[in-house]
Structures are given as structure tokens and as C-alpha cells.
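You will see two complexes here that share chain A, one where it goes with chain B and one where it goes with chain C.
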Partner chain A sequence: MTNSLSHRSGAQARAPWLTLQRRDAIEGWLFVSPTLLGFLIFFLGPLIAIFIYAMSDWNFLSGEATFVGLANFEDALLANPDFWLVLRNSAVFALGLVPLNVALALFLAVALSRPFRGVIVFRTIFFAPVITSAIAWAIVWKFLLQGEGGPINQMLAMIGITGPNWLREPNWAMAAVIVTRVIKMVGLNMILYIAALQAIPRDYDEAAGLEGASRWQIFRLITWPLLGPTTLVIVILTTIGSFKVFDHIYQMTGGGPENGTLVLAFYIYQQGFQFFDIGYASALAIIMFVIVTILTLIQVSLRRKDDA
Partner chain B sequence: MKGILKLAASAIVLMATQASAEDLRVAVYTSSEPHLKLLNQLADKFKASHPDVNVRFETIPVADYTQKLSFQVAGGKAPDVAWMMEDAAPAFIEANILMDLTPVLQAFPDYDLADFTDPAMALWRKGDQVYGVPFSTSPFLIYYNKAMFDKAGLEDPKQLAEKGEWTMAKFQDVSKKLVAANPGKYAFEFKDGEGYASRMTHALLPPIRAYGGDLWEDGKCGMDSPAAVKAVQQIHDMVFKDKTIVPPGTQGDYFSGNSAMTVNQISRASKMAEAGFEWGVAPLPTGPNGEEGPVIGQAGFVVFDASPNKELAAELVAQMTDKEGVAALAQFFPPARRSVLSSDAFLNKNQYLSPQMMGFVADGIEKGRVVAAHEKVPQILAAMKPRVDALWRPDADVAKSLQGVCAAIQPLL
Partner chain C sequence: MTRASWNRLAWIMALTLLALPFVFPFLWMVSAGFKSVTEIFGAPNLIPRVWRYENFAEVFTYQPFARQYFNSLYIAGVVTILTLLISSLAGYALARIRFVGAGLIMLLLVTALMMPDEVTIIPNFFFIRWLGLVDTHWPLILLPVFGAQGVVATFLMRQYFLSLPKELEEAAKMDGLSRFGIWWKIAIPMSRPALAAVAIITFLNSWNLFLEPLIFLSSLEKFTLPLALSNFNDSYGLPLWNLQLAATTLAVIPVLIIYLIAQRQIVESFALSGVKG
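On to the complex of A and B.
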């Protein structure tokens, strides 16, 4: 003990600048530096770069770039009719996907939140698609949804229904990508809901039950309000996810048929990585960012109003 | 201590030699084992005269080949040499990022640049400069499943071609009989099963050319011409009325025996070895007036101007495409050199295809025209796609749909 004390005071005498406080600070910075560097290089850097790209006309192959100001934004919002079609498609996709996903997730979570024999098996089954490769998922569904001789249409034929050519008719294609996407991703929201449900004390239910409340009343008046914060998070995350959907569309429909599933993220990919119009694609990415931010703010403020 | 010093010294020597050895990266879109083996053999020959050069072939999957290559270019990590597909060539040449190979090719011993046919070089020349050397000038051919023809008691396309009866009308007629005799199967699948998606132009071009039209020519869309409308109407009928062509949204792979015929190039012959059925190749069916409209897909070697070893890279290209190199590549990639096209080795010694089949190939190269190319191919295809989707509806008005296609792409041409 004395030894270490004298050792420390000696070190201080030799290097007075290294106070305990400074040492802590240096150690702290060292500990966070890997993440911080990663954040600066891989997140903040590209984020700034994208604003610069968005204001330039950049020929990707020859490497020539010229400053064009806001021309790319004007082009998207005013000149290009495709942009509004794409935005409409993205909105349809989100409006179809978010309610379906949230409702199904809640239903599954309520069914699977209480322990019963085999509950783990069921949870695993519904969660497995989340960790399945998106490409493999899409390829399998593409096979199942074939127009002629596809397994799903064969099953429909057995009960006397002639199934549509799912991925080749614009409206059906949109419905098909929404439903297959919901099945793929619903497990994630289900887990979030299960965690939230398990955090609700059972006493509330029991007390309400003793007062004569029906199960529906308990759910509507107790469980659902208590799930509010979780629902908000789930709706925000799912909305953002639905605007960012790319791999699923890329593999299943390629934006077709007749541009019926051409959604924003895929359109950005097309402009940037197929036509090499990086400036225009960056401008679109910023527009997408603004849309998602606005939607998130609306949802948060609605929630605040509810609370108040 | 001495031991450590020795080790350090040898490490330094090793690093120095590594640094002095030149690495040439060659981007290719094949992952086929026989193809890569052949390429490495050619590279070994180059290494014999350049012992301190390493040649490395890097496979980029064909589906997004041009795109990934473009990203390497934009990221300053372009390979030294690359394969380039015909539809990408104009954009890369216009961007001025490819090396003019003319001086190196002309200086290369016994190269004989004039040996390449003019139509085959058209895409790669700009003025007097040569920006690429085609190593594959590959005509589209009909591949057929002999067993399915036999089952229907039909003459196969090769026999029909020999008699001069392999016409578009016969193609339709034979297809109906094939489907009747092989229930649950299709008579024809578009190239690689992608005829309604990434290969929509490859599906439309052969019939349109057979009828005397083209997708576009000299900046004018040709898909609404009477010839094109007739051709596409026939194909449309085959898909939706006769139900003989694999329809959109359905899979009917030729290579696994689900379709009796498809269109492809001879590089796919290596895949047929494992197909497990008797097969053959024949020319594309001719048009109503007997016109032949062969279609050629092309790919060439290019060198990137930004390569630090571009002179060396150009020499590698010269070596791989000299007479010997082209003759070796001709096993899979039909040559554009006259001397090799007419050679006994090319015509008679193919591992997968009989001399007669190779005769069709040589004939196709001579008469064929390269698939329509354009600097803005990605934009054109994207503009076409929704209109072509509309064309492939059962109730579509073919003429009107094709007018729609032309209206969409004309501004880009």
C-alpha cells in the first residue's frame, strides 16, 4: 500500500501533466475511438459527401464533375414524371405493409407471449424468416408465385380458383411483394411486442378480471395503451424500413411490371448504379431522407398529443 | 542473432522482389472452370516471355458485371485489362477511359490487325483508334432437345435447316406439335429464361431481324416498323395463343429439360455436357422470305488508360488475341479473325460441337450483325422495360404496344 502510494506520488512528480482526470479522459477517448472513427469515416463522411454529390453533375465513368446547384432537386420534383410515380408506389407499399405488419405482429405476440407447450417452436418458426437471406427468400417466393404451374396457383386451382400471374400484373405484383415482405419481417416486431407484453404486470389483468372486465376490454383498455410506446417505435421503424426496401424488389420484380413496383430506394439504385447519374441519385436520397424524417416527426407528435 | 539478421535480410529481399513483380488484373465475367483454365494457359504463355509479371483473372458475376466494373473505375481501382460486353462498350469508349491499343497491336510480331473482320471491329473502333479487341463474336443459335423432337416424331431444327425449311412459320408449327407430344413442357424458352427481364432485347431481336427489321438503326427506333410488328405478333401468339413459349412469370428451364428449344451461344455448350439429354444446335429460323437475320453477341478485351502498367497490359491483350491466342479461345469464343474462322482446327476439332454445328457458327459470324448497341443502353432498357412489360400481357395490342416502346426510347436514341 505504502509502496504504491509512494510510486504514484513519484510518477506525479516526474510527469505532473498526467493527472488522474487526464488519464481517465485519455482512456475514455481511446475506448470510444474505434466507434468514433467508424462513425466519422463510414457515416458522417458519406452523409456530407452525399450533399456535395447532390449538387453536382458527375459522370461516373470519366470522373468529370460540374457544380449544378439545386438542378438535380428541381429535376426530380418538377421535371421528372417518374419521380411522382415512384413516390406513389412507395406510399402504397408503406400503407400496405405497415398496418399489416403491425397488426400481424401484435396478433402473434399476444398468442405467443404466455408460456405454453411448444411456444418456443412457434416463436422460432415466425422469427426464422427474419434471419433468412433476403435473396433466397425472394427466389423461393418467385418460384411459388409463378403464373402457370406455380405451387400457389396449383393449390388455388384445387379449390376452383384461377390464380393471377402474381408477379406480372402490376396490382397483384405490389400485393405480392407487400405480403411476402410482411411474412419475412413480422417476426422482428413480434419479438418486440412479446417483450413489451411480458413487461406489463399481470396484476392489472387480474384486478380488471376481478372487477368483471371481459378479455377484449382488458386488451383494449389496459394492454393496448400500455403497449403505446412500443407501438410507436415499431411503426416508426417499420415505416422507415418500408421506404428503404430494395433487395426484395430487386430480386422479385426488378421494379416491374410496367413500373408497378418501382419504389424509391430501387429508383435511387437505378439512377445511381445503372445510369451512373450519381448527382441525381444523391438528390433523390436526400429527398427520401427528408420524407422519412417528416413521417417520423408526425408520428412522434401524434403520440405526444395522445399522452397529453 | 545471426539467424534473426539472416531472416530479416531474406524478408527484405522477398519484399523487394514482390514489389518489382508486376501484377496484371484481368476482370472477366466467366466462372466456368474450363474457361478459366484456358485463360490461365494463355497467361502462362505471356509469363514465359515476361517472367516477373503475375496475371490474375478476377471473376465478376455476369449479372452485374458492367456495373461492378464501373464502380471499380470510379473508385480508382480499375483492373488493368477487362472483358467488355458489346452493350457497355460505347459508353466506356465515349468516356475516354480506355487505352488506344493500335500502336501496341501494330508493333506486336505477326499480329495482323487486318485479319479481324470489319463488322466485328466496328464497335471497338473510333476513327483510326482501336479501343478493344473482340475475343468472342458469338452468333445466337437454336439449342434443341433431341429427345423431345423424337418423341413428337418431328424432324429436328438441324435437319430442317439443311433442307432450307427452318423458317419462322415452321418454328411456330413445330412448337405446337412439340407441346402436344410433351405435355407439361414448353417448346421454347427465351435466352437464359430472361426474355421478359434482363434479356428482353435478346428475345425480340432474332425474330425482328428474321422479318427484316431491327430494334433501332441510325438513331431511329425500328420496333414499330411493319416487319417488327409482324415478328413480335407471331411470338406473342406463340406465348399466349399457342402456349408454346414459356410465358412471363413462369420458369421453364431448357437446360433441365423443361423446354424443347432455346436460344444461346456456343459458350453454353460446356453446360450441355451435364444436361443429361441428347441435344444439338441449329441456326436461327429464317424469315418469311428466307432472309437470314443472325444476331451476334460480342465481347472484347480492353485496357484501362489509368492502369499503371498499361503498355504491359496491352501486350497481354495482343498475346491473347494473336492468331494462336484466338485459335485457342475459339473453343468457347468464336473468333473474329478470318484466318481462324476458316481453319480446320476451328471447324473440325471443337470438344462439344460437331463440324457441321461449327459450320452454322462460322456462317452466323459471317452473315450476322452485332446486337444493337448504344452509349445509353442502360437508360434505353429502363425506358423500354415498362412498355415491354405491357406488351407481354395476354390481351395486349402488339402494334400499339410497340409504338409505345418506340415513343419511350426515341428521345434517348
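On to the complex of A and C.
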């Protein structure tokens, strides 16, 4: 402070260099500099680097890197059948997970948005898996879903059903990963929906109730349209989340069986850190970057419209 | 009973049925943690016939589990404090100071907002290796603080500062408090709810972090909990189920207890970050 005062007193002759505007700029940049520096080093730099890596044939073990242009993308898009399998798996995972998650979250939120005895108990239960480590969750479910002697199959056997070897058959494994992931994450969307439901004025329902509308009509004609913006945001966030799934797959199936649960995030890890194919893994990372950027842009522009 | 109370009973029954797959894994985890290897695959029973407490002792001899537990705790603590500091500084500037480039900075940060770590993990690995920090805890601290998680925290703080009334800060400015002083003495004490939300989410994220430990750590005594949990295998790579589930119980139950105590606060934090982030 004293510094700026002395500046001001000495500024009789010429305009002071340290104007309020300049000071704001210096302080602003100073305050954001730790975040900005970290962002440049650990995000923007690496982001540029994957574009360079992706144009090289670089095996980490041999250490030799040669420039190959777009060959890694050609490899991914045309030659490598695994890539299409991975994209198909990621799409199946997202298309299975998102509707199931959103529908269940909405159902739970509608059931739990108004107070009744025990409502907190139910909310607490449905949210508990969200704070649990994905690895811990996957360990327990892998145990429960074992083919022979697994608790779930033993219980099914008691009512006369022979359960499949859940995690050893590609289609069952995919279904198992989707369902256990939904159970883990649905609580998050549930609380977002509850918040949105509680923001809807009660008079709407009451007025409609007086007009003789049934509860289903009230939901379909009043509540559901009012939840539209929330649903859009939830759908996009959940879709992005489905592309991020890694720990769960790593621990439950390891991408198997027969690559049946090999999804994009796991495939990047596998190519980069198990097969050391840095160029190809970087090309995959760029594809993931593009997918998530498009989804983020949609989400941001939706929120803009929402604010306006 | 009236129709309304039948109705309510039906709802409660439906919810209880739905709650089973949410509760059952936790119960079975604890139960199996106390069973012997033979009983674990015997007829399914929730209460162990023989309580095998030794599982919990063997967890600590099979791996340096106490050390790994401590690693997770202190790393999550450091990450949380650093994130609080850095994100509230940047968030404050982006909310309150008008300066050239602020818009550009926001635009840049948005690109990182939702990006999975897998996108940048390969170059980050080579950078960390070049710094000689492989098999240390540094990447587990640096990458989350400056990655997507830190950006989410920054936006959350910015949003909260924007919602605060300006008058108090302006009065402090009149009194000659520096910008740094206003941030530390006025803005920070007023933002407890946002700071708590950032702290809770950041701590849990670090506590549950898996990709970075998996890629960077190789010595057992440096492992964090999730990596340690996935490592309870015999020499054929098959899981040692009773030890693994005992260890998982030890890792999960304290978090659940804290969650039960601070349930409202924790749920609200996630709601805040989900809506604003």
C-alpha cells in the first residue's frame, strides 16, 4: 500500500505507471498463476505432446521413434479390428449405462424428494456406493459374481436357477459391468434430480391436483417437462462419465473375456503401459479427447442457454 | 388401512427391494472378511460359522498395509490443502478482479474440466520420469492438484465468490487492506460452505485415485490403498479372497462411518459440484 502511495505522490510530473488497471492486471495474473502454470505443464503441454507422439512410431521398449505421419490413425481406423471392437464396446457400455442410470435416478428422486419417515435412510443407502472406491466396489462384486461358488449363483441355485459364469462370458460380463457401475453411480444423479425437484414450486402440483389430474399426469405433463434442462445436463455428464470408466473394468474383468469389456480408457492404458506402443496409444488418446471435448461443448452451450 | 397408507407401504417395499443391491455388497464384504477360505465358498451365509479374526492380522503381514493406509491418508491431506489454496486464489481472481486475459484463462480451463486423465497420462508419465519422480508420491499429488479436479475446484470457488456480497470487501479496501489481505481475511472466511465442498470432494478423489498409483508406483511400501487392495493375489495371480475382502473392509468402513456422521454435508458437496462443475 505504501508503495502505491509513494507512486501517487511522485506522479505529479508524469502519469503514474502503476494505474489501478495495471495493478488489477498484475494481481489477477498473480492470483491465477499457480493454477495456470500447473495447467500449462500438466495439461496443455501433454495435450500438445500427444499430437506429436501420435504421429510417430515409438515403442517405449526399443526406444526408437520415427515420424510416420497419420499412420497410427490409419492403423486405428482401417487396419486394427480391435479398435472397432473397442469403440463398439464403449458405445454399448454408454448406451446401456446412461438410460438405466438416468431412469433409475429419476425414479429414486421422485420417490425420495418429499419427506417421509425413513427418507434419509434410503437416500443415505442409495448414495453410499458413490463415495466408495471403485476398486473396492469392483473387488466385492467380482467376488459375488463368481461362476462356481459365488454367493449370487449359490442363491440363484437355491431357487432352482443355474447362474451363468458372469464374468467369463463376454455378453454377461458387459451386462455385469454396466449394472454394477449403475448401482455405484446412480446416487449422484439421484441427488441432482432431488435438488431439481425441490426447486419446482409445489403450487404447480397442487393446482393440477385440484383440477383433478392424476399423479402420473402431473408427473408427465408438469414435472417431466420442468426437469428437461436437468435431464440434458445429467445425460451428458453421465455419458462423459461412461467414457472415463477405468478402475471398475481393470479390477472386475481386465477388459476380458475375449476383449468383451475392452473400452476406450482401458485400451489406452493397455496399449501405452502394457504393450508400450506410445504412438498408437497417443492416437487413441486424441480420439478420446475429441469425444469428450464435443460432449463438454454441448454441455457448456446448454448451460449458457439455461442461464440466459 | 386406507388406500393412501397401502400406497405408502407399497412404495416402501419397492424401495427396500431396490436398496438390496446397494447394501448387500457391503454386508457381504464384511462377512467374507471374517471367513476362512473354505467357508467363503461354502453355502452362502451372512453370519460366519467360524469367525476368523486372523484375516485382519494377515492383511498387515502380507503387505505393509499400515504404511499403505498412511500413504493414502497423507497424500489425500496434502492434495486437499494444496487444492484449497490454489483453487480459491484463482477462483477469487476470476470472480472479483477485472483483468486482461481472464476470459481466455476461463476458456482454457474449461477444456480440462471433464477430460479423463487417460488423455494426458502418457506425456505426463514421460515428464515425471524425466524429473526422476517415478515411484514417488509426487505425481499422485501434482497431477490431481493441477488436473481436471483442480479446475473443477477453481470453477466451484469462482461461482461461490460471485454469489457473495461485495460490500464487505469494498469496505476493507477503503481501510487499506491489500488484495491478498482481502482474499485471506474477508473472502476466505465467508466461503466455508464452498471450501468444505471442495475439501470433501478432493479428499475422496485422492483417496480413491487409481490410475496414477498404478502407473507410477512399483514399491509395495509406497502403494496407496486402492492399489494395495487390488494386489492381494497368490503367486498364480488369483485373488486371496478372504484377505482381500478383509483389507477392503478396513479401507471402506472408516469412510462409510464418516459418511454416516457427515451425510448431509457430503451429499450437498456432491450436489454443488455436480450442478456447478
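One rule holds in what follows: the second predicted complex is superposed on the first by the 272 of 308 C-alpha atoms of A that agree within 3 Å, B and C clash if a C-alpha of one lies under 4 Å from a C-alpha of the other, contacts with A are read in each partner's own complex, and residues count from 1 in each chain.
The rule is short, and it goes like this: contacts are C-beta pairs under 8 Å (C-beta built on N, C-alpha and C of every residue); 3 or more make two chains touch, one makes a residue touch a chain.
None of the values given here were measured: they were computed from a predicted structure.
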Requested in this report: Record, for the superposition on chain A, whether partners chain B and chain C clash or fit.
Outcome: clash
Query - Touched chain A residues, chain B compared with chain C - result: C
**Report entry** Which of chain B and chain C A:P34 touches, first, second, both or neither
**Finding:** second
Report task. Examine A:P129 and indicate which partner it touches, taking first as chain B and second as chain C; both and neither are also allowed. Result -> second
Requested in this report: Could you look at A:F273 and tell me whether it touches chain B, chain C, both or neither (first, second, both, neither)?
Outcome: both
Query raised in the report: Who does A:E206 touch here: chain B (first), chain C (second), both, or neither?
Result: neither
Query raised in the report: Is A:D24 contacted by the first partner chain B, the second partner chain C, both or neither?
Result: second
Query raised in the report: For A:G149, is the partner it touches chain B (first), chain C (second), both, or none of the two (neither)?
Result: both
Query raised in the report: Can you list the residues of chain A that touch chain B in one structure and chain C in the other?
Result: 143, 149, 273
Report summary line: Listed in rising order, chain A residues that touch chain B in their complex are 59-63, 143, 145-150, 165-169, 254-259, 270, 273-276
Query - chain B - residues contacting chain A, complex - result: 67, 70-71, 73-74, 91-92, 95-97, 184, 196-198, 247-251, 378-379, 382, 385-387, 389-390, 392-393
Requested in this report: Please name which positions on chain A make contact with chain C in the complex.
Outcome: 1, 24-25, 27-32, 34-36, 38-39, 41-47, 49-50, 53, 108, 111-112, 116, 118, 120, 122-137, 139-144, 149, 151, 154-155, 183, 188, 191-192, 195, 237, 240, 243-244, 246-247, 250-251, 264-265, 268-269, 272-273, 278, 281-282, 285, 288-289, 292-293, 295-296, 299-300
**Report entry** Parts of chain C lying in touch with chain A, wherever the complex brings them together
**Finding:** 8, 11-12, 14-15, 18-19, 21-26, 28-29, 32, 41, 43-44, 85-87, 89-90, 92-94, 97-102, 105, 108-116, 118-127, 142-143, 145-147, 150-151, 154, 176, 178-179, 183, 204, 207-208, 210-211, 214-215, 225-227, 229-230, 239, 241, 244-245, 248, 251-252, 255-256, 259-260, 263, 266-267, 270-271, 274-275
